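The chains carry the letters A, B, C and D, assigned in the order they are written, with residues numbered from 1 in each.
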Amino acid sequence: MINKVVSNAEEAVKDIPDNAVLMLGGFGLCGIPENCISALLKTGVKGLTCISNNAGVDDFGIGLMLKTRQVKKMISSYVGENAEFERQLLSGELEVDLIPQGTLAERIRAGGAGIPAFYTPAGYGTEVAEGKETREYHGKMYLLEQWLKADFALVKAWKGDTSGNLIFKGTARNFNPMMAMAGKITIAEVEELVEPGELDPNMIHTPGIYVQRIFQGKDYEKRIEQRTTKLK
Amino acid sequence: MALDKIGIAKRIAQEVQDGTYINLGIGIPTLVANFIPDNINVVLQSENGLLGIGPFPDESEVDADLINAGKQTVTTTKGSSLFSSAESFEMIRGGHVDLTILGAMEVSENGDISNWKIPGKMVKGMGGAMDLVASAENIIVAMQHCSRDGESKLLSENTLPITGLRCVKKVVTDMAVLDVLPEGGFKLLERAPGVSVEEIKAATAGKLIIEGEIPEMRI
Amino acid sequence: MINKVVSNAEEAVKDIPDNAVLMLGGFGLCGIPENCISALLKTGVKGLTCISNNAGVDDFGIGLMLKTRQVKKMISSYVGENAEFERQLLSGELEVDLIPQGTLAERIRAGGAGIPAFYTPAGYGTEVAEGKETREYHGKMYLLEQWLKADFALVKAWKGDTSGNLIFKGTARNFNPMMAMAGKITIAEVEELVEPGELDPNMIHTPGIYVQRIFQGKDYEKRIEQRTTKLK
Amino acid sequence: MALDKIGIAKRIAQEVQDGTYINLGIGIPTLVANFIPDNINVVLQSENGLLGIGPFPDESEVDADLINAGKQTVTTTKGSSLFSSAESFEMIRGGHVDLTILGAMEVSENGDISNWKIPGKMVKGMGGAMDLVASAENIIVAMQHCSRDGESKLLSENTLPITGLRCVKKVVTDMAVLDVLPEGGFKLLERAPGVSVEEIKAATAGKLIIEGEIPEMRI
């Protein structure tokens, strides 16, 4: 097996240059690459294009990178929980591509899977369709959408082995597996790093072939946006 | 008296059929889960990547790695499965989810829906809504009949950016239950308790079709 | 959860009509729905279109259905191991669409995932491209390929629960997960049928939403085509 | 003396670089795995759905549910992963596999390859070969220099149905190692032990480029 281990987040992201295109896993604050984001705040890299379903919240996740103005452009599906994101969007300070969530997921998967374009029904008849080819199949209208790729994909997994195999936990899986596929360099941070052979080959979510760098993260906060519990 | 959110959710729960897979949007739709009768077996899908959403957790069960599409902590049930967001939308786009219930800012008499943006004022983003409304066979909208300013949200033609065309099959509001007819028009099916047909007429800007006696909802 | 259990293979396939389009999981003889194939031999249904990567061997798997002439058309990627298949193909007795393996897998996945068409590089410049649209993306030529769906998908899993969740074992996974997605009615036969809750939700390969009928199979032969062992 | 299959496999093994992912076709390519030096770390992909092919099993380890693309029983190694055939071709099509080694019936001086059909006589089917040759950055063909009838398999233009256009980068035969040049032509790099340049010339129907001394292979 091929060893992909780097020592920590700083080591993993140090060569990410200004104006790079990044993918960052996570849905809301669930399953985001916390350690990599912290490291990017330290390197101070600028002009980033960030592909991520959300942009964190004002004081956590990608929201922190919006505050420091390291992000030039966001490609996302939902702004909802982030006032600073919405403000920068409405004021035009931040370039934003809003993409339907399923189309975003599929475009990323297509980037990883060598499918340059595909038809999807999402967004037909809406402003998302502007400038896009449409076609009818079986009596229904579809849009032609193209793949998305990234210079670096930053993903967060639950467990990983030194050869890059990843297992996610719960709904923290979300966009991480597709992004791992679509990154030219994929950096995986994991809560628990183990030796090859310790993970069941039949239960790997992301095969190691997609991961170029892996490290065991630390001090995970795993902040919860909407802590909701049973009514007593 | 018009229904509250709980009332709307209760009424929509009556539309839920046994043995189906359902996606519930954020807000009122999420509440529907609480009112599905015990003898109706359904599986709830969360588009971030969960099939089989369980009840909210006890304090001790709270898990940051297990949330629904509204970012609320949830649990799994027996028979749940977890998957990526790409796989989640394979299910949605592929037509495997039987029913989608979601909120809206406007619905037109053709079944067009708007729910993601008010130009210059507010952008939430479409999230999974555009995929859901472009894919689901059966779509029910849960919303207030009028905006806070008293403007009707059931229109001839939407004024806000569209989320999807000709997709809404039924609308349940605080005032009424209405079918959206394939040929266009809101067909009034039921009134909220104490709400008159005249009040519904006044609150509906789109084409309203009223045939015979309109019964009160039974909730 | 929704109960999908039927009593056995005969019950599961009894309403498959003449001229139905079927998908059958498996790669070679690995992971094929043995019980369903046996049951189809008994019902004697005819005129079938079978979508399957291979067609078994002469005396096992789909090969048995070729012998009984129940198959009108095969949609496959490889004929290699099946002399009767190759003979019927060359003589024109059997209609055959040969499709590159990755394109076959992706077309089936697309059928399940609501993607009516997509671009792939496989087969450009070959007879597979005849009559198909081509387009250049990023300096490379691609073919436009369309989804595949089936009236019935017959899949074989290792473990399953009564609500239709499936786990496959080893390389017996192969085409089974995509076919489960692309069948209007998907019938799953499993080696071990358990109650909901017994399988780890994080380790499900095929979510139950794709499965309409499930039963515990019996008498699995699991024949090996090329038994190859270490040189002593 | 021309190489046997083992010899071809041994020579190709020298092309394998450390830290790469490799897909080996059926036949001679499968043999290559046996000759990769211990200090070279590679991962072998099997397109039916396995990354990290291990050695053939002991009698006691044989598992019908674990085979390679040639339908042979195999094992996993530490760090292996299993997946569906769709996921397998995501890897292949997405360019994640670094090197593909496969057999051929014909290769042209432009790098076209034919290996799946002889019209009217034989149809094996393309299996995964069309996806592999359309996707991989680096493709090495392992084959006999001539057919059993003595006809050259290195041609100006292929006579058999094409598997992929302009994709083969290198050919290793029983007689020679040749690069396929981007501008067209087989550039002779090495001779099999005891095989003369004249013999290779005579056995090569396509454009053959010979510059300077051609060394013997070291195997």
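Everything below uses one rule, namely that a residue touches a chain if its C-beta (ideal position, glycine included) is under 8 Å from a C-beta of that chain, and two chains touch if they have at least 3 such contacts.
None of these values were measured; they are calculated from a predicted model.
Colleague: Check A-D against C-D and say which one is joined by more contacting C-beta pairs.
Modeller: C-D
Colleague: Between subunit B and subunit D, what is the gap in Å from one C-alpha centre to the other?
Modeller: That pair's centroid distance is 56 Å.
Colleague: Subunit A to subunit D: how many Å between their CA centres?
Modeller: 36
Colleague: Using Cα averages as centroids, what's the distance between subunit A and subunit C in whole Å?
Modeller: 33
Colleague: What is the distance in Å between the mean C-alpha positions of subunit C and subunit D?
Modeller: 28
Colleague: Where does subunit C touch two or more other chains at once, residue-wise?
Modeller: In subunit C, 106, 109, 113-115, 120-121, 169-170, 202 touch at least two other chains.
Colleague: Could you list which residues of subunit D touch at least two other chains?
Modeller: Answer for subunit D, listing residues that touch two or more other chains: 82-83, 89, 92-93, 135.
Colleague: Which pairs of chains touch each other in this structure?
Modeller: Going through each pair of chains, those in contact are A-B, A-C, A-D, B-C, C-D.
Colleague: In their shared complex, at which residues does subunit A touch subunit D?
Modeller: Interface residues on the subunit A side: 1-3, 109, 111-115, 161-163, 165, 181, 195-197, 201-202, 204, 207-210.
Colleague: What part of subunit C is in contact with subunit D in the complex they form?
Modeller: Listed in rising order, the residues of subunit C that touch subunit D are 27-31, 53, 76-81, 86, 89-90, 98, 100-103, 105-106, 108-109, 120-128, 158, 169-178, 205, 222-231.
Colleague: What residues of subunit D sit close enough to touch subunit A in their complex?
Modeller: 19, 21, 41-43, 45, 51-52, 76-83, 87, 89-97, 135
Colleague: If we count contacts the way the header does, which residues on subunit D are in touch with subunit C in the complex?
Modeller: It is residues 46-50, 55-59, 62-68, 70-74, 82-86, 88-89, 92-93, 112, 120-131, 134-135, 161-165 of subunit D that touch subunit C.
Colleague: Contact residues on subunit C for subunit A in the complex?
Modeller: 106, 110, 113-121, 135, 137-138, 140, 142, 146, 167-170, 202-203
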